[in-house]
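The structure appears right after this line, and notes come after that.
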């Protein structure tokens, strides 16, 4: 079984009725629901308001892949928890950062850049696969239309991705590296741009397929039970 | 001095009056003209109809960077000349393949894939820089608008590029990896999509800047005077 | 089930008694034997002397991953069969090229370089994992000692690999990118240097683990039933 | 002119007579001396004990490439200065991290991993070029022997480098990615392993050539005069 923890700051859904209508169980609830339909995946959720944001040593030690959604409260996540999540990523825990999670502390800490970009609301996006043999693209259409989505545009200040799986085309005249992979330590990271909270993006079958594929892909290979340390090598 | 050879199949400009009006001296003539304005660059031209297509051993041995434009007559280039060009690329000669040169024999031979893609005429393109610190992007705007251009769209069947410098956004809803680098042997390769023969693309200052930058970037480093051979290594 | 075809030129084992003693059933026989122990893998073999070298349209259309071992008779493989294998790789068939298969026609055609290198016999190698979270490294030791192996040394004339999974250290003072991945079209390619015919390398459990992992990794994702073609894209 | 700042923690050379004999003017003094022989380079030095470690806003705003050597006092560098250096790297300032600078705060912050590795003293290294057409390898021998060097061995916990230019072979049976490039924001980063303080490595002509090449390579392209910010993109 792949053990997934879905983390959501869970603010917008409680604060704004319009967003609550889109995600009555929270974005995490929606994601958990579709992932749990996969017989190889078990899911737990964690939110900002929980003790230690729900990301205790015990939770992380039992998480294969962590999914992260946050937007307005990145600064509300404690540095201690960020360091803890980072430790587990370097040991091999997968990390899937969705949409505005590009600006989360954990992503900035792992990637080392600003992750700044251009943006505006109310655009139309086409998600186009440029890496069709990547496991994250398995069974996914060449093009997926998102009738309404927040535009994220280049230049996107990220390090060179290991792979760019999807490019985003926006009607307003922008492009974006919308699906990118990175590796840090033994941890596999997938950044996936779609998912503005006002639109029902995570209910789309194709989007669910991509996130599910990413969960499989990010499952640890050669997971370390403790951090990789320097060691003095013996002479042979 | 950087010694550039501009190769053009030079068919459309002779056959079609409309295209001749755009490029009265041929596409090669236009490219040679703007490159020669750079005091560190000297240019010679070669065309399909010349003996050995103008790409003799002597010409190639004295070429630092070869620029290639071809479209309708890829099959008219002899295999012997293709092998010869390939030999020099592997020794370090730079290669800049423009627009429909993606389908040239030399590109297929060096990259190993079909280089197939989607296309249609009469689109509008925005060329967007996604690698602003790459030498080929030096002094180039973040976005360049090509009011009329042939659309080349994904999936573009290329190996993973060393770097993607420019992405193309097309009004019709397509994206493209419009400026890509590769290395084969010691040779640096830049594929650059803009330049359909019906539109005066190569007269645009920004496009000229990119091609000039690419010439500098593709100039050989540690050029080999003969092919790299296997050798039995001594025991030390 | 993953359908593997193991191709071997099968010359040395028939010609030289010393090598026949190491691989009495041929190198292909040894590889087939350990792969067949995996319940998700079925194996067939093909050799140079068979009609169409055993690589007919039917065989390739029913192959998920092709393993290739060749050394002295690369030129004996017909160009027609090489083109056919290439077509299937571009459609998504995996390819694992072992040891001296770096110089096979199919590898040269897919990678576009000379694949030349330095070499000598009778060295000692340590295979060192530099990409421990890559699926090909799953469950594999950090270092594997090959007491006797032919040395392959840098510079190895390959395009930049997608990933370097293993580096080889040789007692004589050489290093090598001993385990490299590439993608061409939809086909995943793994080049793996160990396996000189005089030494019982393919009987080593760790080496078998790596090749088995590579089979899983190279299994097609989004396999195409026919070649990817250019198409004129509709306006939407 | 390329404006280089050489930063050195400058502890060992003051504390230990043996090391002072090797580098009587400090490691920074040795590096500054050979760089200044290049007519396109001007050099200033900065050390840990200076106010703000010598890395004020003014110094950094006038630095094209920062060279960093540190070993025992990484923790002595203030977080404020690290953030300032990072800001300038993201804006385009080049960074060359030498030897034990892999563990500097600035490298950890930019790369996001532990940069842990294996090590021991008193080994023999061969530096082997695996990317001969990279600008950093221009005019450099295929192999450089370092008769005495501290061994740094794999697994080296770094993100996938943009390019691996040099591999290190060690007599004790280890290998290392000894010369690696990265990009963060607009800043080019070169990590170069040779240079343990007890051995006169930076007096070697070949090593000086590599560092000088790296200075040229890391010089900013499209330098930003202030940090790249998010912006709301206009609709066109």
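To keep things simple, chains are lettered A, B, C and D as they appear, and every chain counts its residues starting from 1.
The rule is short, and it goes like this: a contact is a pair of C-beta atoms (placed from the backbone, for glycine too) under 8 Å apart; a residue touches a chain by one contact, two chains touch by 3 or more.
Given the structure is predicted, the values throughout are model-derived calculations rather than measurements.
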Note to self: Considering only chains that satisfy the touch condition with subunit A, which of them also satisfy it with subunit B?
What the structure shows: C, D
Check: From subunit A, how many touching-chain steps at minimum until you land on subunit C?
Finding: 1
Next item on the list: Using mean Cα positions as chain centres, tell me which chain lies farthest from subunit A.
Entry: B
Next item on the list: Tell me whether subunit B and subunit D, two copies of the same sequence, contact each other through the same residue numbers or different ones, using over half shared as the line for same.
Entry: same
Next item on the list: Could you compare the number of C-beta pairs in contact for C-D with that for A-D and name the larger?
Entry: A-D
Notebook entry, point to check: When the centre of a chain is set as the mean of its C-alpha atoms, what distance in Å lies between subunit A and subunit D?
Noted result: 32
Note to self: Quick check: how many Å separate the C-alpha centres of subunit C and subunit D?
What the structure shows: 37
Note to self: Two-or-more-chain contact residues of subunit A, please, as numbers and ranges.
What the structure shows: 132, 155, 160, 173-174, 183, 185
Check: Chain adjacency by touch: line, ring, star, complete or other shape?
Finding: complete
Note to self: If we count contacts the way the header does, which residues on subunit A are in touch with subunit D in the complex?
What the structure shows: 86, 90, 109-114, 116-120, 151, 153, 155, 157, 159-160, 162, 172-174, 182-185, 227-236
Notebook entry, point to check: Of all residues in subunit C, which touch subunit A in the complex?
Noted result: 92, 132-135, 137-139, 183, 185-188, 220-222
Margin query: Quick check on the complex: what are the subunit B residues that touch subunit A?
Written below: 126, 128-130, 132, 142, 154-156, 160, 163-164, 167-170, 173-175, 177
